[in-house]
Structures are given as structure tokens and as C-alpha cells.
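We call the chains A, B, C and D, going by the order they appear; numbering starts again at 1 in every chain.
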């Protein structure tokens, strides 16, 4: 059996699996898992790189909000690139640096002792100019000048959109890697930085618990997540919060008040409510205000965790994830893939078209939400 | 379609998938994933509880080596049990306490403020007596006396064997939960405590890196893992170790020396080698000794991380995992399951027969090992 | 030489030292040090307990804002009390619990495994009722009923005032211990909880630095300190902040802007300004607003660290401090002292009258402020 | 009053104080404090630099075992040096780099973002060659060649001896700074790195406590301290260890066994004994072995914390200490001091002749040892 016939067979089989589960009671998550397995790492011809020349030099940039593990990812990209014989270049300050020609050649030394550091040695920035034709043209000239014809972008969905358009226009292969604490990208179970951010949140809430418990207070704690409640939902369960307010579910202040009153009646002497910044009832200040109007059983305090969630030494999980994805990005480019995001689904490397990764959002885990309700009785 | 016909259809389908992949090139990991999905959460009749009486009271014990997250798991078990109307009992000191009748009734207060604590409030112990007929009989009498007819055991494979034999002999439903830092159980992608242990190891090695780097030293760091190299492999990648020695692969001292010499030639001024305690060339001391005989390019130091790996406040990941599995154990018992271990595969709850969970070992991730080699160039 | 003549000699000598340095150029800090040594641990008769009966039972309460190390302090009080043969009682929820009779007898078990925990197992509260005659009378009756005639209060200056008045009115010996993260009490170099709070702040700012550095941003970080800039000054130096705004010094927004512009000109790509909440120019939001009006060289972000500063496992320093002070409080009561606060000055136990500890504030360290200016060039 | 007459008066007064306390009952610690205050920061003529030329260029090196805070210290030295107009040079790998001419010029950028990092960017090494006449001569030529005539050495007593001899021989001003986790230097209350090391030890023992408590085990934990028990004594109190074995006191295995048996009888279910590596009964393995021969009430485990004690991000305390001492070193050199170590005694900068700092050891705190005994009942 040749490799292509095998792939075709796998795809055919995947469709069958898809249809079967479509008609069964499997959860959304289960479906995603199976589909992901079936999309598999071997992709059909139309997503393959048809560049006129072979890749020899690869540039890396980090873009959008920084996330812990970006440095571990840069290290893996550089080391893997060198391992496979590519010349590796770093671009400082994202697309902005690409336009301005802020490049440096990267060798093994360049990425020594960075695996454990938060932030990104390549710095990040948002670039308005890259959204213009002129900006993209300048960026391309900078790459061309140096003979670089592949680009790895570590960032979120905004960054992927830019990469996609750029690659459509110019003869440059692009590969995206999911680097954002929000975990809201389609095409990967986990984004780089998310695990560390949840640990940071949980450690902070553990500290607040000490003082909440000592004082019979009710705390409203706001965490990051404009569109996605991943951090709030997971950290809220892990920190034992009384309630979890996220954008994906309808927040009902009346229900919240009932639940807090019940907790009070059960002689709970303190409480903590975690609020994703994007909750439709507002951030922690607004929610606390609304609760206060209906219930004053506790002294209420508000904490906004803010930018500490973006920093810190990455967790083991994030470093391994970043390392695996860094290897996958280079190997994907080497195999001729382009306009894809490398992600991990069910512990397996999966390449998803950038258009999908940038457009679709990761689903909320309904089961986890249900569990959070059971555990907060 | 009735639920039973649906399940039968799912099982039939699972077999097909199994056969298909058995003959394809899918990795061990991919196969495990698919199989797990197909075993599914709905199980056939022969694994169902055929107890004469309905479960009303459930006892919990922790057994074997303790692991971070066991307390979060106890909390979830107690809260979920109460949520579903069961009476919940804690047994102190594992099977030993079961034999001696060391029980306490658990209410919501009993598990307040423990989600963030390492160790186990129920304490753990190994019991020789429980391996005897007489010991099991005593244990059963203790349960019978209190009208308890279900038991949740949080522990590793040794603990599961005991639970299985006990349940075969007596009219007690048992459910196992994977609580061990080693991550070496079949039937779950992650065991409770493993994620925290890897973070503890990585933080320790980060500290050693500071001093290794300041002094041009070579460190051999021994981590837990008698039969499994999970901790060593993941923490070794995350900490940027030069080499990783694990029981699952053949360790070749000559190759290690060649690689260290190469690093030295590349002007690496320091290095760290992580060694799982179960490596067939011996622990860190033995390996360091063997390397020293062939190469003295560095000053060599040995560190045995030891029991700090078992303690500490659990990570967000472990707390969420422990919470989900605690809910799953109670819901499994409620649905009539017994002699099963609740685990998570591909982010989905899966119940695996205790016999399998206790006998089979989790496979090493070959791809991760390959990656570790690429990144240590 | 009898003990009394020796003490008198020491006091006489202390006066000489005092006079000498009063006329010399020694710094405020140097003077405080010498005076403290001379006040010494042996005190004159008028501060001695003249209670009608011998102390046999001692109650402990924590009051005011909680601080890491309070539990280590409770443990030391209970263990030392038992060591010297006293019966030890814990009062829950501060003076409020004293009034309501919320007492529990404490034995060695009561304080097991609490040395490492934040918060306070005795909980804390502010009590309006204790400020009334009626409230104090109720509190006294609760103590009398149980035969308790000594009270240890762990808290800040407000708590000490209450203790002082109570002891003046009733036949109860009182001893204060400095438990507050603000480090603003006269009579001790360090208060319990301050060292841990500074570490918490520094760790948070280290995380913010990662993202500040990745993005060329200017952060304004607000820390606790209504009247005192200790936390801001020390954590600001330790975290390498560009500027430090504290209540003890005149904050000049114009100067701040000049300094930030200079930093910008020196190609500093990011910056962090730490602001004590009690700064006369306002908290971090207000300061950021005022700076923005004059300078927009950076994207500006504000972070309010809030209550995470009160929690967390205490540092080694705080645990040792809390342990020493716990021992000192019991030994002071045993030696017949009352209405005193036990503190540590120049690594030596010193007892200061509660009236002074509650009224005077600790001086700012001028030299440290000077150093912060040198290092932020 | 001229400055010199004032100093003379202070010295005269210091002698009086000295004599007074010599004949009184003040503790060793009290005496040290007073003496230190009196030695004061203004020193008599014979310890002043009599170099033929004015200092213009200053070199820095780190030597001996590395310690957390060394980087914060390098940063403070460089920034303060530049603040006062000196040209600052870094020497890599201690005296060895001095001999080989491994110098780099340091500017403000060179020390960006290092305040929070463990280890030392200048690396450290022990040098045999610097103990020879030839080695010193080479080192001097390297300095002379570059016009550098002052040297700051951050390290321990061995490093200070070298600096002292070097300065006696050549026209180079030297200033020592106490950088070692052992806290065993005369002339300072705290050495750079000691506070962080104690926190690292306490955090590790907290983790071991989790598992000790879960299993009824007795742990023997070995910490650094060849000649000094500072780390063991303070961390042992802070971690609530049952017993503390240090070089400064006679360890009696029989007494230890009696105390452990008593703990066992009191139904303590676990225990931890901290052992300084330099204890005369041997390290943790030897002590555990000896105890086992007399008492088998517990399962016994040994942990050697090893080199993790040298690394890690420095605590707030260590960073402030390192910053203050860095400023003090430059200001001391600027004021013409040489062959001194800058330290902090009673929160005041004190310059102590290198000969004393290197020869005398810091005293054990008897009172702390007494407290450890009270608290372990």
C-alpha cells in the first residue's frame, strides 16, 4: 500500500466515523477528538506548499499578547531548524519588526537558558501597518533581501489572519503556532501559556482564600478572557470558587444571589466568585455592585488579577507543549506544508488550516461547567 | 433506538475501528485514543454491579504513595456523593484503617479548604494484612457493620489489585481512581499528582541550572520513576536537560559520553542529565560514576530529588483532573458500575476494568523521546 | 550586683548613650538601634504586672487585617504556653469572639501543621462593640467565667489600643504582638507578615516585567500601604522599578515625567512604577492618568495587587520571627510584664509599652530611599 | 567640630561602651551589635586607601560558591559605579578570569533584567593559580593593562583572603561583599543568598511534610552548612522540625532517640529532623543509620537537598541587601576605603577589615537554639 492510498483510506474511514458519530449521542468533545484523529497529520495535496523554491532560511516572530512558553517555543524552533539544516532568523517586535527589518540570525547560543523564562526574547507588538498593502510589501522585501522564504508566527488568531493574507500574496511559506493564554483557538486542545496562566490564577486565589477565610469576606476575582471562559472555568474549579461567571453561559445575577445566600445559610464563612473579564454582566466590579444591591451578607472585595497572568516561568506542561509544537512547525514546513497552524489534539500533532484556526473558536467544555455546579454545593 | 442497542452498535463499531488501526500505521498513542473512545462510558452488562442492595453509603480511602491532588479528589468525592444523596465515609490510613475500623463520617465541612493542600487528609499506608483472607474478612465486617456497600480507592496498581479481589469476594461495589505521580497506569492519560510532580522537578532543576551555569558543572539529577520514565522524559524536556535516561529505553553510557563530549566541544559550559530512578544503568550516582571513568571534562555533581516530588500544593491541572475523576467515580457507582477505574482519555471520562488498569502499563510516548533528542543538539 | 541594681545601671547608661547621640550626627535609625538596646529586655517596676492573682490561663486572639505568619505565631504561643505549664485558649474572630464567648481550649494537636499556612486559624475581625464600655464588660465576664487572666493580641495599632484600655480597666494582663504586613509599628524592626508580603509583591512584579519587557509598556503597580511606604520602597528596589511613590515623601509628577522621559531616551523599552496606595498623589490609576497627560512615550497599564498581598505561605523569615515573638510574649507574661508589645530590634527581643507601639510610627529608611534613586538611573 | 574630631570622639565612646558591656551580662549578639555601631561607617586613617592614583575604573568578580542575589549585586555595583562616573568592568569566572584577562566593559544595558535571576552572569570558579605569586602577577598585569585600579570581590572568606593578599602586594584597592548562602561571615548580619536559601529549604520541607504526614514517616533532611548551622537552625524552626542538628552544638544521638520516642508516645504521626551537612555525627544518612539502631518506631527516609539551595530567584530581602551592599562597596571605594568588606549590622552599613571578615566566624544565635527546643515539645 503506497502512502497516498493509505492516506486516502484513512480519510475515507474518517468520513465514516464522522457520519456515525454525527448520528449518535457522542458529545461535542468526543466528536472533535475523532475528527482530529482523522484529519491526521498527513494532509491532502491542496494544503501543500507549492513554492517555486526550496525553503532554506526560516524567520520566527512572536505576535499579539505574550504568553509564558513563547521562549521555550523559540528555542525549539531554532534548535530544530538547525538540526534539519535550515538557517534560522529571529524578528524582533512582531510584524512591526518584520516591516522595519529588525532581524537577527539565531544560533544555538541565542536560545541558551531561555526555556524557563516568561515573556519573549523576540518581543511582541501589534502592527497597524502590516494590515496595509504597503506594509506587507515592505515586510516581503525585508525577507526577500535576506533570502528568507518561510515564516513561523507564534501568536493568536489576529496574528494568524495577517500571516494567511501575507502568504497568499507572496511566495513565503507560513506556519502558525498557538501562543496565547486564552486557550480559545480551534485546532489545538491547549495553547502555549494557558496552563501557566491557570496556575498563576490558582496561586493568587489560594492567597486570597487565606484572607477571605480569616475575615468572612466575599471576593470577586476578575481573570483574563474576553471571549473565552477557559481560564475562569478551570481555575475556578481548581481554586474551589463558589461561582464561575463566563462569557459562554448566561449569567443570572438573581441565581448568583440565591446561591450565595444558600452558602451563607450553610454557614460558609467566606466565598470567592471568579469572573472572566468578558462576562456579559460586566467585569468583577460591575458584578459585585449588582450583587451588593440584593445581598449584604458579606463584606465584599474585588480583585483584578491583570497582567500577572501573562508572565512567569512556564509550567512543565507549557514547556513540553511549546517544544513539541516548535518541532512540529519546522517539520511541517520541511514537509511542504504552509498556511497551517500546528496544534495538539488528543496528544497528537495536528495541522489545521490557518483560516479555520483564526475563525473558529474552541468550544466550551459543557461537562466541566456541569461539574463546577456539582462541586459548589 | 434503545440505549442498549445503541451501545451494542457502538461496541461493534469500536471493534471495526480497532481492527482497522491494528493493520494500519497509526501510533500506539493514536490507537489507545481511538480504543478508549470506543470503550466509551457506557459499558456492557457484565461489568455492571449486580449487588443485592442499592448503594446508600460510600467509603473513601487513599492508598499507596501519596500524590498531590488526592485531597482535591477526596473533596470532589464527598461533595458529589452528598449532592447525589449518598452518605459519605472517610477511612484513615488505607486498607489498614479499613481493617481496624478507622472511619469518620464526612460532610461538606470535612473537606473545606483542602483543595489546595498536598498529601492526603485520610493518610495512606501499605497493608500486608489486607492481602490475607482474614484481613479482607475483617475489613468487610467493618463496612457491613456501618451499612457501607461501596468503596472508592484512590491509589496505584497495587491498591487496585486489592480492591478487585475484595469486590470479587464480597458484596461491595468498588471504584478505583488513579492517584500516583508516576503516570504509569493504563486507562487514563494522566494520573492525579503527575502534573504537579513534573512542575516540582522542573522548578528544582531550574534552580540547579543557575548554579550549573555559574560554575561549568555537569549535574546528574535523579527523579522518581521505578518502572516508568514519564516524569524524567517530560521534566527533562521542559528543563532543557542534555540527556534523559529512562527505564523504557536502552541506556548506553558510551553514547552518553559521546554526546557530553560533543556538548563540551560546542562550548556548552554546563550540563544536566536527568535519570529516572529505575534506569537499568542505575540511579544518578551509578551513572555519574560510569561517566566519570570515561570523561572528566566537567566537575560532576549528583542530586537526588526524592520525596519533595510527592508533596506540594497541586497544580490547576491536577486539581481539575482530581475533581473530574471524583465526580466520575460517584456517578459511575450510581450508574451501577463496579470493579472499574475512572480515568480521562482524550479529555473524556473513561471507565476501565480494574484488572486492566492494574496489569497493563501506560506506553512511553515515542514521539516525545524523539523530540528530546532533536532538542538536545 | 543584684539584678535591680544592674538594671538601674543599664538604664542610667542608656540615658548617657541617648544624650550623646542626640547631639551627634548619627542617623535616626542608628539612634533607634541604640535606644532599643538600652531599653533592653529587663524593664523597670512600673510596667510590671501588679495583678492580684498569678496567671494560669492565657487566651490568644488575632485582630485587624490578617498577615502571613499569624498561624506560626499562634503555634508558638500555644506550644510555649504549654511548655511553661499554662492552660491555653484560642478566641475566634478577634474581640468580637471575645465578647461572644467564642473560645476553644488549645493543645499541641490544635496547632499541628499550621506553621506553613497563611491566614489565621483563629480568624480575625474588627469589632465596634469592643470600643464600648458594655462590650469590654461582656468580654471581661467571658474571661472571668473561664478563669483566664491574660490575653495575647496579635495585630496592629488599632488592636493594641483596645488591649491597652481593656487592661487598664480590668485585672487582665495583656501582651501585644506585631502582626501586620505594613511594617509600620514602633518597637520592632519587622512586623509578622511583612517579609512574605514583599516577596509576594516582588514575584508579581517579576511576572509583570516579563510582559512589560515583551511589549515596551509602562506599568503602574499599586501595593498596600495606607500610611507607610515600606512595602513599596523595598519591593520597588527589589523588583528594579523605575520609580517608587510613597506617602512619606513628596511625590512630584513633573519629576516623575522627566525621569520617565530620560529612561525612554536611554532606550529603556519598558518601565514599572510602584505606587503605595496611600501616596498623596493618589493610587496607581490617578498617577497613571496624571502622567499620561504629560507624556505618551509608552502604552500605560495599571495593576492593583490587592489582597493577594495578605495571603500565602509565610517566608522562613516570617515564621522564625513569629516563633520568636510567640515565645517572647509568653515569657514576658510569665515574668510579670503587661501592656507591652514584644518586638525585635537589632535581632534582640524588646518589650515596648503598648501606648508607644500604637501611637508612634516606624520611621522611613532615608538611606534606602536614596539608594532607590541611585539604582534607577 | 571637624569630621575627624567627631570620629575620634565616636571611637572613644565606642571603647567605653565596649568596656561597659564586656563587664555586663549582655549577650554575645548584643555586644556585636553595639560594637558594630561604634566601629561605624567612618573609619580611621590606617584603613584608608593610600594609592598613588585616583580610582577611575573598577572591576567586579564573583568567586566561590554562587548565591542567589549575586546578579542583583552586580547590577547595583555597575549602576552605582556609572552613577558616580566610574568605568565599570566585569571579570568572568572569578580570579581565574582575572588571570586570563576575561574582561568585558559593563554599561547599564549589561545589567538589565538580571535582578531577579539566580546564579551569576559573571560566573564563578575556584582558582588554584591565583594562590601563586605568578598567578597574582598575571592578574595584576591584566588590570594594569586596562588601567583598572580597584576590584570588588563578591564571595566568601576564601575569596576575601585572596583579595587581601592581592591588595597588599599591588596598587589595587579591593572591596569585599559577602556573597554566600551560609551566613557565616563576621562583619555582617546577613550574607547575600542566605535568606533565599532558607526559603528554598523551607519550601522543600513543606512538601516533604505533606508526604511525611500522609504516611507516618520520619524524615532526615540534610541541608548545606559545613561549618555553620544557620540554614539548618532557621529553616528547622520555620519548617517545624522535631529536631535540629548543627555543627555548633554537641549532637547526642541518645537524646535524639529519647525525644523521637517521646514524640511517638505523644501520638505524633510523623517527624522531620534537619541535619546540617557539617554536623559532627555525620550527614543525614549517618544520623538516620545511628537512630535506626536504637529505635524503629517509624519508617525512616533520607533527603539531601543539595544544590537546589544555591539557585532560584532571590527573595526581596536578598535583592535589597545585595543592592544596598553594591551601593556601599562603590561608595566605600570612592571614599578611599580598601581591604574592607561592606556588610550590614543592625540595618546599618558597616565596613569590616577583610582580615577579620575572613578569619572570624559569625556566632550562633544561642537564643534561637533555645527557642527551637521549646517549640519542639
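The rule is short, and it goes like this: contacts are C-beta pairs under 8 Å (C-beta built on N, C-alpha and C of every residue); 3 or more make two chains touch, one makes a residue touch a chain.
Every value quoted in this text rests on a predicted model; they were computed, and no experiment measured them.
Chains that touch both chain A and chain C are absent from this assembly. If each chain is reduced to the centroid of its CA atoms, chain A and chain D end up 44 Å from each other.
Spacing of chain B relative to chain D, judged by their CA centroids, is 42 angstrom. Taking the mean of the C-alpha atoms as each chain's centre, chain A and chain B sit 27 Å apart.
Chain B has residues 206, 209, 213 in contact with two or more other chains. Chain pairs that touch one another, listed by label: A-B, A-C, B-D, C-D.
For chain C in complex with chain A, the touching residues are 62, 65-66, 68, 70, 93, 117-120, 123-125, 200, 204, 206-216, 219, 269, 301-304, 306-308, 310-312. Residue ranges of chain A in contact with chain B, taken from their complex: 6, 9-10, 13, 17, 20, 24-25, 27, 29-30, 33-34, 37, 72, 75-76, 79-80, 82-83, 108, 113, 115-116, 189, 195, 198-199, 201-203, 206, 209, 213, 234-235, 237-240, 266, 313, 315-317, 319-320, 323-324, 327, 346-349, 365, 367-368, 371, 374-375, 377.
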